[in-house]
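Labels run A, B and C following the written order; every chain starts at residue 1.
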Amino acid sequence: MILEVKNLSKQYSCGFFGLNKINAVNNVSFYIDDGEIFGLIGESGCGKTTITRMIMGLLKPTKGNIIFENENITRLNTKQWRPFRKKIQIVFQNPQMTFNPRRNLYFSCAEPIKIHGLSKDMNEKAMIRHMIERVGITEEQLKKFPHEISGGQAQRLSIARALSLKPRLLVCDEPTSMLDVSVQAHILKLIKEANEKYGVSMLFISHDLEVIQAMCSRIAVMKNGQIIETGYTNEIFNNPKHEYTKKLLSSYIKI
Amino acid sequence: MFKPINRFIDFLNRKNVILFMGITLTILIIIVAIFAPYIEPYNPTKMELSQKFIAPCSKYILGTDHLGRDILSRIIEGSRVSLLTAVFVVGISVFIGLTLGLISGYFGGAVDMVLMRIVDVLLAFPTIIFALALSTMIGTGQINLIIAICCIQWTRYARVTRGEAVMLKNAEYIDAAKTIGNSNLSIILNYVFPNVISKIIILASLDMGTIILYCASLSFLGLGAQPPSPEWGVMINEGKDYIQYAPWIAVSPGIAIAVCALAFNMLGDGLRDMLDPRMKETVRTE
Amino acid sequence: MENLLEVKNLNVSFLMGKRKIHILKDVSFNIEKNEVLAVIGETGCGKSVTGSAILHLLPENAEVGGSIKYNGIDITNIHENEFRPYRGTEIAAVPQSPSTSLDPLMKVGKQVSECVTDKKYKYGEHKKQLKESIINIFSKLKLPRINEIYDDYPCELSGGMNQRILISMGIVTKPKLLIVDEPTKAIDWALRKEVIEVFQDLKKERRCAMLFITHDIAAAKCVADRIAVMYCGQIVEIGYTNDVLNNPKHPYTKGLIASMPSRGFHVMEGYMPSFADLPIGCRFEPRCSEKTDNCSKYEPQMINIKNGYVKCFRFKL
């Protein structure tokens, strides 16, 4: 077990004096085994992204615990998080918004290497060359700015950047929802490869059932901030138990 | 018939002539200020009562004042005072405003609340009134004038910076930067600051003109620089009594102020068009 | 059957500074009455430009060649005033994103009724009639609370509901041809299903012809009678939906279908070339896995098949 999420809740206060409480995530528990791809599906606004933000330490949960490799990472400050940044990485939904718009892509790619001091025995340029080669990006393209490359290229680069830290867990937050089918295939291949070759465990979030079915071994179905059903992908796809899951699966159009 | 005019307007837009003119004028003013002692035809403070109230002529290009001092020399000398004051005011207020704005916008919370309420209160004072009040408290003089204007001016930069920082804080690439392991300081320096600075530069260059105007008006009112000093506002004040029969004494420094303010406004406008065309709506000169 | 829309050798180019950039090259297709033609392809392949060209919505620096015939009348380069009568009543459009295509400060019912330009509907009896007919359309599109929704603002409705408002704007004038641009883009699966169902019903009940522009192959499959596959400003293959999807003939179509996750997401090597720098021969040649010597030298010609054509040297009847 690489990651365990226990009774996680996030409550937002709004309205007059914060008296209105909204449960974005409500008592969610799941675990991810070593080397597996765990899928999280649900409609937009059901709290999927809130969960990823809490796992990444970008948001403090109201209740519950997140345990990564037997260490509780729920309430760490920025400094305490530092060593875990190397082990948990994320790929965001909107690839062009992932990089610093004012700096060229080389700067963004060199950033993790500089921060974590990875270039001790190898020089930085060689490391970056090695890292972008895997995803089919040339050094020429690194001189450009984020808005000058296509969405597919940006997403491949952000995967390369995440993998350059050799993480144990990769969180993929709707990595292909903004991309075309043909570009999507390339991204999915890279993610799958990272899982099979390097044994990176994954939390894969998507609303696209087709992608989820192709990628994940186990899935959880979310609705209104709660997990309503979880199990092996094949079981849920062939034999859904919850009404909502059945409804969700009926939107799957086979070709 | 309108073709040449249209073409001319086209040319102005395309080549950003405003920026070009702004830069040229600004550089010219700066050169004049730096080399003032070498350019001045006469000693700007030397009085020659036999030469008073001479209208502009070939010897005294802009004439002389009621004490027989050469006005051109005084205007050239005065450019140093005005420019130096404006640079100090803008520099200090940008530094304070940017730092506090970044902290307040990026971290939010209680710090943000307190700082922004202070800014609100200060913004409620008209600059001139506040400066008048402060000067009566701490006394007149150029340095006190700088302090007084800075007290109000920094809030403008703090506001703009804070607004930008709050907007950027929620951007996806800031999240991405955090997950890579950046510390808060390096996010502020590498991500937030570069995205804010272009707006601040534009605002600052637009403000230069405004501040030259403020200084002149406060000096005219008797605060800031004191009479023997060839400050433009002081000169207008001295000349106002004789405006009926020696208008050049008051008018020449007035034109100098206008040209200076115009130069910096053109520079700011041009920079804005170049750096960020979208800002046309959001930042305006006062 | 009779052709409602006939597009022949449509060429569109944009003037960028002094350079002409050719976007569409020899695009030909026809839409019969009551028929739905889907145009599928990657982002930036020229799908939306095709729709805009038919609707006369291209920017001023565009140049249109070839011919677009609607009901046998050439409408390619006619003046805006002559084209106006076609808008709405004959050809209508459903624009791309509901979040940006609706006026946020106008009630949705008002926005839909605005589409009816006939003056008599502005007052009295006819106005009431119009409102009834719009509510009728809303109920057909299965919008909830149909009586109140007329007076709601777009921000009060969900994305899928706004999408249906856009559709009702397109069909309120009962057009004979509907041009739909990416209706399923960036919405999640539950909504997508609803939207697809709306179009299926439209096709069945209203029997209006559609040009269905999308990159969503599954949606195209559900709605379209025929599919045109577009690559880099050219239609590379066009034919019956089942033929194209189950028995693709052009290598690009094959690649596109194989890249779907349920088909094992096989990657097509390379990228679509930029329009400023197109290959001389077949535009797909640099990425093609089945290329021959001819491919890089000459452009492939149309080879007619049942109800369509293929543009590829390798294809033999």
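Throughout what follows, a residue touches a chain if its C-beta (ideal position, glycine included) is under 8 Å from a C-beta of that chain, and two chains touch if they have at least 3 such contacts.
This is a predicted model, so every value here is computed, not measured.
Enquirer: Remove chain C hypothetically, without shifting anything else, and describe the chain groups still held together by touching.
Expert: Ignoring chain C, everything left is still one piece.
Enquirer: If you average the CA coordinates per chain, which chain's centre is most distant from that of chain C?
Expert: Most remote chain from chain C, centroid-wise, comes out as B.
Enquirer: Quick one: report the Å distance separating chain A from chain B, using the average Cα coordinate of each chain.
Expert: 49
Enquirer: What whole-Å value do you get for the distance between chain B and chain C if each is reduced to the mean of its CA atoms?
Expert: 55
Enquirer: Calculate how many whole Å lie between the centre of chain A and the centre of chain C, each centre taken as the average of the chain's C-alpha atoms.
Expert: 33
Enquirer: Residues of chain A that touch two or more other chains: which are they?
Expert: Where chain A is concerned, no single residue meets two or more other chains.
Enquirer: What does chain A use to touch chain B in their complex?
Expert: So the residues of chain A in touch with chain B come to 53, 56-58, 78-79, 81-82, 85-86, 88-90, 92-94, 97-103, 111-112, 115-116, 158, 161, 165.
Enquirer: For the complex, give me every residue of chain B touching chain A.
Expert: Of all residues in chain B, those touching chain A are 171-173, 175-184, 186, 190-191, 194-195.
Enquirer: Give every residue of chain A touching chain C within the complex, in rising order.
Expert: 43-44, 150-152, 177-178, 180-186, 188-189, 207-211, 213-215, 247-248, 250-255
Enquirer: Under the stated contact criterion, what part of chain C meets chain A in this complex?
Expert: Contact set of chain C toward chain A: 42-43, 186, 188-190, 192-193, 196, 215, 217-219, 221-222, 245, 255-257, 259-268, 271.
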